[in-house]
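Take a look at the structures listed below.
Here chain A shows up in two complexes: once beside chain B, once beside chain C.
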Partner chain A sequence: MSLFLIVALPFLGALLPGLMVQAGRRACSITTGLVTLLALTGLLVNAPAVLSGEVQTARLEWLPGLGMNANFFLDPLGLFFAGLILGIGLLIIIYARFYLSREDSMGEFFTYLLLFQGAMVGIVLSDNVLVLLIFWELTSLSSFLLIGYWKHTAEGRQGARMALAVTGMGGLALIGGMLILGNIVGSYDLTEILQNREAIQASPLYLPALILILLGCFTKSAQFPFHFWLPHAMAAPTPVSAYLHSATMVKAGLFLMARLWPVLSGTDAWFYLVGTAGLITMVLGALIAIFKDDLKALLAFSTVSHLGLITMLLGFGTPFAALAAVFHILNHATFKAALFMTAGIVDHEAHTRDIKRLGGLRKLMPVTFVIATVASLSMAGIPLFNGFLSKEMMLEEAVHTTWAGSHWVLPVFVTIGALFSAAYSFRYVAHTFLGPVRDDYPHKPHDPGFGMWAPAAFLCVLVLAIGLMPFLVEPLVFTVAEAVIGGVGEIEEGYHLAIWHGLTPALLMSGIAVVGGLLLLALHRPLDRAWIATPRPEAKAMFDRLMAACVGGARGLTDALHDGALTRYAAIFTVTVVAAGAHAFWTGNLVVADRGGAIPDLVPLVGWALLVVSAAWLALSHRRRLLSLVLVSIVGLVISIGFNYFSAPDLALTQISVEVVTVILLLLALNFLPKTTPVESSVGKRTRDGLIAVVGGLGVGALSYALLVHEFAFETISDFHLENSYKGGGGHNVVNVILVDFRGFDTFGEIIVLGIAALVIYAATEALLSGPVRARLLNWVPDMVRAGDAHPLMMVVATRVMMPVVLMVGFYIFLRGHNEPGGGFIAGLVVAIGVVMQYMASGFAWADRRQRFPYHGIIGAGVLAAGLTGIGAWFAGQPFLTSDFGYARIPPFNEFELATAMAFDLGVFLAVVGAVLLSLESFSRIARRSNEQVSDYAMDIDPSRNEEA
Partner chain B sequence: MEAMVASAVGVLTAAGLYLVLRLRTFPVIIGLSLLTYAVNVFLFGSGGLVVNEPPIWHEHDNSYTDPLPQALVLTAIVISFGMTAVSVVIALAAYLSGDDDSINMTPGEAEDDAP
Partner chain C sequence: MIQIALVFAYVCIGLSLILAMWRLWKGPNVIDRVLALDTLVVNGIGMIVVFGISTGVETYFESALIIAMLGFVSTVAYARFVLRGNIIE
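Showing the complex of A and B:
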């Protein structure tokens, strides 16, 4: 089966449980199981080839420019992990089917589980580190959902949040580390990276990359000092704990360390960072586990401890240690998943997981007892169980490894770790199942149904099979270990996995551990009391304090910068930009002017003076709002003329027509707003604002000057447009051809945005008029004297006469647009102004009654016309918005040009007309509600006007 | 010529920034308009200042101004109308429903409004 399909199957399958749960819980779980089974089968089909040394690949270019491609490869290591993920996943699904109660939403649970499964399979099969990172984050997210599955419990929510915060933080660090690694090698493909051991280890960035990657791995695999999240994640339903927190997700960090082992390991930094963190985690986790009363917490810390063991082995950096690590990953996955399942069974049946309330379950739950015993003895490292084999290898390797020049540090500490490990394993069985039967269980326990214990029993069969006949898995373990080592070293010739290696130091250490473990169990009661009495740092409290400090700091910063005062944001923004500009100016180099330098004539200078005076006056007397409106329109007018002067007739036409509609709009708004701005800020504040404004203005002015007097730094693309305007676009007016042809897609987006803006205004007005403002408007008393002749005769007559002329001009501007200044934008604005003049002359109501087409429709028609023109190109086999033109002749007229761009421009025209008029109409509606007298006549004089007023 | 246009852009920016830093909606809207002018002229100027050579293609005539900034600025002008209109309607709605056209939240108001 294609690797793509194997990775995609769980994700696609995640759509099913939510649907299938309608058909019942059985159908739901069977579907989920089948999805996993299918993926597993697909994987196993590839297994023979992979194990014989053939690496399967599947490659798909995704974003080659970023070096990000959906490349997957399947080597023995990937196969091993994917097999664990899917195989144990299948068992967990069966177990969860019987574990979840009727109140739990099974569809939701299995959806999350499959999402998680897909993400995990993605991690282990990715050949591209960027894709791997995406899957890595997906596991964090899906495990967040799974841990917090019981949303009603506070522990669930807090545990999920803590897991997400810790693993998410590690994920961020990992991104940094992986990017550095990819940069050193020059490729983000793992297969490529794995070939470059020397280059990576010689790079000065090796250490930062290593630390960042290890942060990611340690947080994910709960290594000291990030081990604290895992026990809190135990608030999850037990199937989740068994799956994520024993067999799969926490092993993702181990997987990555194993995957990158050939290029990262073997240095002192690797040995001390990874080896030491692993050792500390192993001993510390085991110690805490002894004194945990919650069965799942006990198992959680034991998991932490075993993950530490594997990490330590990977940290040793020798081929034999890698072999032991791989073997222990396999063994741990089998016995730990089984143990979690037994913990879940006990909780399910006895309604408690508190070990102090349990005991004597041996007679009541014989099947569970047998399963738990087999798995525990394996965890304790008793011969004939598989845990023993890999633990012996670990002890053996520790004996031969020196730590900081000392021969005894590692052997002593690993023996202590193994001793603690034996102690909690024994305690798990002894305190839960042995002893007298009690009569105060919260619920009378008995063995669960077959479906619930079968998966755990199956794992126990594996535990025993591997423990008794290690040669069964030997080829697999060796092949996977060789894939980890990746040719950097060789496993000792002639070594075999075996129960008996002779009287070795490791056997002695094992013996000490087992005897010591039994001793600790016997002494548990007094030791437990002492443990409880000893003060210990509480990881959760520390984490909470750290989080609170971070949140407080972030909130403080946000509140200081973002306190709801727009003025402050604007000031901060301006000052920051000016500072950045100043920095660029001082550190950059300024080349001498190489263009321009013409002396302006008198007329442009007059225009300039007019603009500068108006702008300055505007700033000084902005409190008189009507005056500021007049001044701003002077500025706009000068700019329109300026555009015309500097060879931009299209811009001049557009600017002046936009100016007209903007001023009308602002006048409509000013009708309701106060007519003056009160003095609020002190002189000091105004001086400060003035200073900011002047500095900003100087900066922008200087930048503008620098831009104007320099030739282009890059070759301009304008020449292409000029050359092809007529040849390819059939138009003389290059600006218009750019708008409707070369950059037609832009313009298409543009008119849509304009239409949306108009609809927003319409919607805001509607909301306003249907809300409490309505009453306020109805009682509106105008704060200025109304004109006696609201609809003056002169104006009415003039606008009526002008209307056809305006329409004619608009039509003319529209038609000539392709070759002469003009086009849809300008024509639209001109026609809109023609209609607005009617509103002004005879009032909104009068004009509205004579307006037949709703403006929304006009906007829609415009966008539709432009879009259909674009789609039309498809029928000619061309990409969207490709234009065409030709010449036609209707006698007796001259030959004229027909271009599809004209239909597009028509769309622009309609959209602009609709948008402008809809905006103005919306504003007028507010005015109309405010008790404005609606006249039925085109012109009228208000006789009630008081002359003295 | 270049100094003239550049200084005009600078003055428009300064006046616009000063108005944007005011405390009421109307001056801020006017200030935004001034900033829009400044930005448009700035972008327009990136093609260089050319007098009397409009970007209309003619055979046998090779003197044009740069059409590209013009096309970009043309749409920018039209869009700026949309932007002004939306900010005006927001300002108006805020004033009509709150009887206050100040642009800043008063201290403490942000917390009260939080859901």
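Showing the complex of A and C:
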């Protein structure tokens, strides 16, 4: 089966559980299991070839420019891990089928599980480190969902967050490390990277890369000092703990260390970083595990300890240690998953996982007892069980390894670790199953159904089979270990996995560990009291404090920069831009002016004076809002006339239409706002803001001046536009051709943004009006005296007469837009103003009743029309939005031009009309909700008014 | 001849722009100011028309027409605001 398919299957399959759960829990779990089984079968089909030394690859170019390709390869190491992931995944699915209660949403659970499975398979099969990183992050995300599966429990949510924070940070570091690695080698392909051991280790960036990658691996595999998240992740349902936190996800870090072992290992830095972290984790985890009363917490810390053991072995950097590491990964996956399942069974049946409340389950749950005993003895390292074999190899290797010149450090500490490990393994069995039967269990336990214990029993068979007949897995373990070593060294000739290696120091250490473990178990009660009495650092509290500090710092920074006041934003922006500009000015080389200034004519001078006066006045009297609006109108008018003067009628028309719409919009808002802006800040602050404003203004002025007297630094593209406007776009109006053709994609995005903005205005006003604002509006008293008629006759008649004229002008401007000034945007504004005139003249109720198409729909139609025009180009085999034009003649008219750009322009037109009217309508809706008289009549005159006067 | 007329027109319109601005400055109330703005718009249109005559480009006339068609709407809006507060009742 193709590697793509193996990786894709779980992801595709993740769509199924949510659907199949409708057909029942059985159908749902069977579907999930089948998906996994299919992927596993696909993997196993490749196994013979891979084990005989042939590496399967599948390559697909994805983003070759970034060096990111969907390349996968299957070597013995990948096969080994993928087999573990899918094989144990299958057992977990069976187990979860019986573990999940009726209240738990099974579809959701299996969907997350399959997503996770796909991500894991992706990690172990990736041949591209960037793709590997994506899958790496996916495992963090999907495990977040799985740990927090019981959303209703605070522990679940907190544990999920903690796991995501820690592994996510590690992932971030890993990205850095991988990028450095790829940079050194010049390729992001793993197979390439693995060939370049010398180059990588000689690089000055080796150490940073190593540290970053190890951060990723250590966080994922819960190595000291990042071990604390794993026990908190135990809030997850037990199948998740068994799957993610014993067999697969926490091994992702180990996998990566094993994968990169050929290029990273062998240096002192590697040995001391990895070996020491592993050793500390192993001893510390085992020590804590002894005193944990929660079955799952005990197992969690034991997992931490065993992961530490494997990490330490990888850190040793010798081929034999790598062999032991691979073997222990296999053994640990079998016995630890089985143990987690038994913990889940006990929890499921007795309704508690507290060891202090358990004991004596041997008689009540004989099957579970047997399974737990076999797995625990293996974990303790008792001969004839598989854990013994790999632990023995670890001890053997430790004896031969010197740490910082000392021969005794490693043997002593690993013996202590093994001793602790034996102690908690014995305790798991003794305190849960042995002892007298109690009568105060929260729920009277008994053995679960076959389906629930069968997966664990199957794993126990494996434990025993490997333990008794290690030669069965010997070829697999050796091949995988060789894949890890990758030709950097060789495993000792003639070595075999065996129970009996003679009277070795390792055997002696094993003996000490077992005896010591039994001793600790016997002394557990007094030791436990001492342990509880001893103060020790609490990782969760430290993590919470750190998180609180980070959140506080981030919030402080955000609040400082982003306090919701426009003045603050404007100040920060202006200061930044001015600083950047000043820096550029002093470091750049500003050449002498290319041309001198010109004396302006008298008339433009008047316009300039108007502009300066009104702008300055506006700054002085900005607290009087209505006056400010009038002054803004003057600025707009002068600018519009200026555009005309500089031969840009398109811009002039757009400017004047926008001015009108803006004035209407602001007047609608001003009705409900205070008519003056209150003084809120101190004189000092205002002086500071004034200075910033002046500096900013001077900066912009200087920039404009520089542009006026200098040639452009780069060749302008105006000439290109002028040259190609007719040839390529079929239009003489360059502005319009740029909008609908050259930069059509921009325009398409802009009308979408415009539509979104209008919809947001609509949604915001709707939300306001259904909230407390409604009550305030009903009690609102207008702050201005009312005079005149609501809908005066003169205005109604004038606007009615104007309406067809406006529509015709809009139509005309739209049609000719491609060749003469105009186009969809201006036409849209013109038509919108024509409609708004009716609203103003006859009132909201009257006009709204005659409005048959909702403005939302008009916006949508516009975007759709523009989008469909763009898509139309595909049918001609052209890229999106490629335009075409031709000429047609319908008698008796003259020949005229048809361009696809016109359909696009129609979209622009509709979107503009809809957006403008929707926002104006939303604003005036506020007034409608206030306690006002509403009239449906076109004209609304109070005949008695003049009489009274 | 037309040149003289054009210069005269420019000067007149320029002058009235300045006078309208003066009215805007003096006030004294908001109605004066809105009227001053309207006068500015009218003079602006006039300026564009004269400009069109002096350059002979037709587009300016269209531009002037459209500004005339739309420009009054903001004046109406101001007037409604001053009279009624709410411009879309």
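In this section, the second predicted complex is superposed on the first by the 580 of 949 C-alpha atoms of A that agree within 3 Å, B and C clash if a C-alpha of one lies under 4 Å from a C-alpha of the other, contacts with A are read in each partner's own complex, and residues count from 1 in each chain.
Keep this in mind: a residue touches a chain if its C-beta (ideal position, glycine included) is under 8 Å from a C-beta of that chain, and two chains touch if they have at least 3 such contacts.
Bear in mind that the values here come from a model prediction, so they are computed numbers and not experimental data.
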| item | value |
| --- | --- |
| Partner with the higher number of touched chain A residues, chain C or chain B | B |
| Partner chain(s) touched by A:Ser704 [first = chain B, second = chain C, both, neither] | first |
| Which superposed partner A:His791 touches (first chain B, second chain C, both, neither) | second |
| Partner chain in contact with A:Leu777 - chain B first, chain C second, else both or neither | first |
| First, second, both or neither for A:Val473, with chain B first and chain C second | neither |
| Touching partner for A:Asp689 - first (chain B), second (chain C), both, neither | first |
| Partner chain(s) touched by A:Glu820 [first = chain B, second = chain C, both, neither] | both |
| First, second, both or neither for A:Val663, with chain B first and chain C second | second |
| Touched partner set for A:Tyr645, first chain B, second chain C, both or neither | both |
| Touching partner for A:Ser924 - first (chain B), second (chain C), both, neither | second |
| Set of chain A residues, in rising order, touched by both chain B and chain C | 645, 647, 649, 670, 820-821 |
| Contact footprint of chain A on chain B as seen in their complex | 1-30, 33-34, 37-38, 40-42, 44-58, 64-68, 70-71, 73-75, 77-86, 88-93, 95-97, 101-105, 107, 109-110 |
| Chain A contact footprint on chain C (complex, rising order) | 10-11, 13-14, 17-18, 21, 24-25, 30, 33-34, 37, 40-41, 44, 47-48, 51, 57, 59-60, 62-63, 66-67, 69-71, 73-74, 76-78, 80-81, 83-89 |
| Complex contacts: residues of chain A adjacent to chain B | 563-568, 570-571, 574, 595-600, 604-605, 608, 611-612, 615-616, 618-619, 622, 625, 628-629, 632, 635-636, 639, 642-643, 645-651, 654-655, 658, 661-662, 665-666, 669-670, 672-674, 677-678, 680-681, 689-690, 692-694, 696-698, 700-705, 707-709, 716-718, 721-722, 725-726, 731-735, 738-739, 743, 746-747, 750, 753-754, 757-758, 760-761, 764-765, 767-768, 771-773, 776-777, 819-821, 825, 829, 912, 915-916, 919, 922-923, 926 |
| List of chain A residues in touch with chain C within their complex | 602-603, 606-607, 609-610, 613-614, 617, 626-627, 630, 633-634, 637-638, 640-641, 644-645, 647, 649, 652-653, 656-657, 659-660, 663-664, 667-668, 670-671, 782-784, 786-788, 790-791, 795, 802, 805-806, 809, 813, 820-821, 830, 833, 836-837, 839-840, 843-844, 920, 924, 927, 932, 935 |
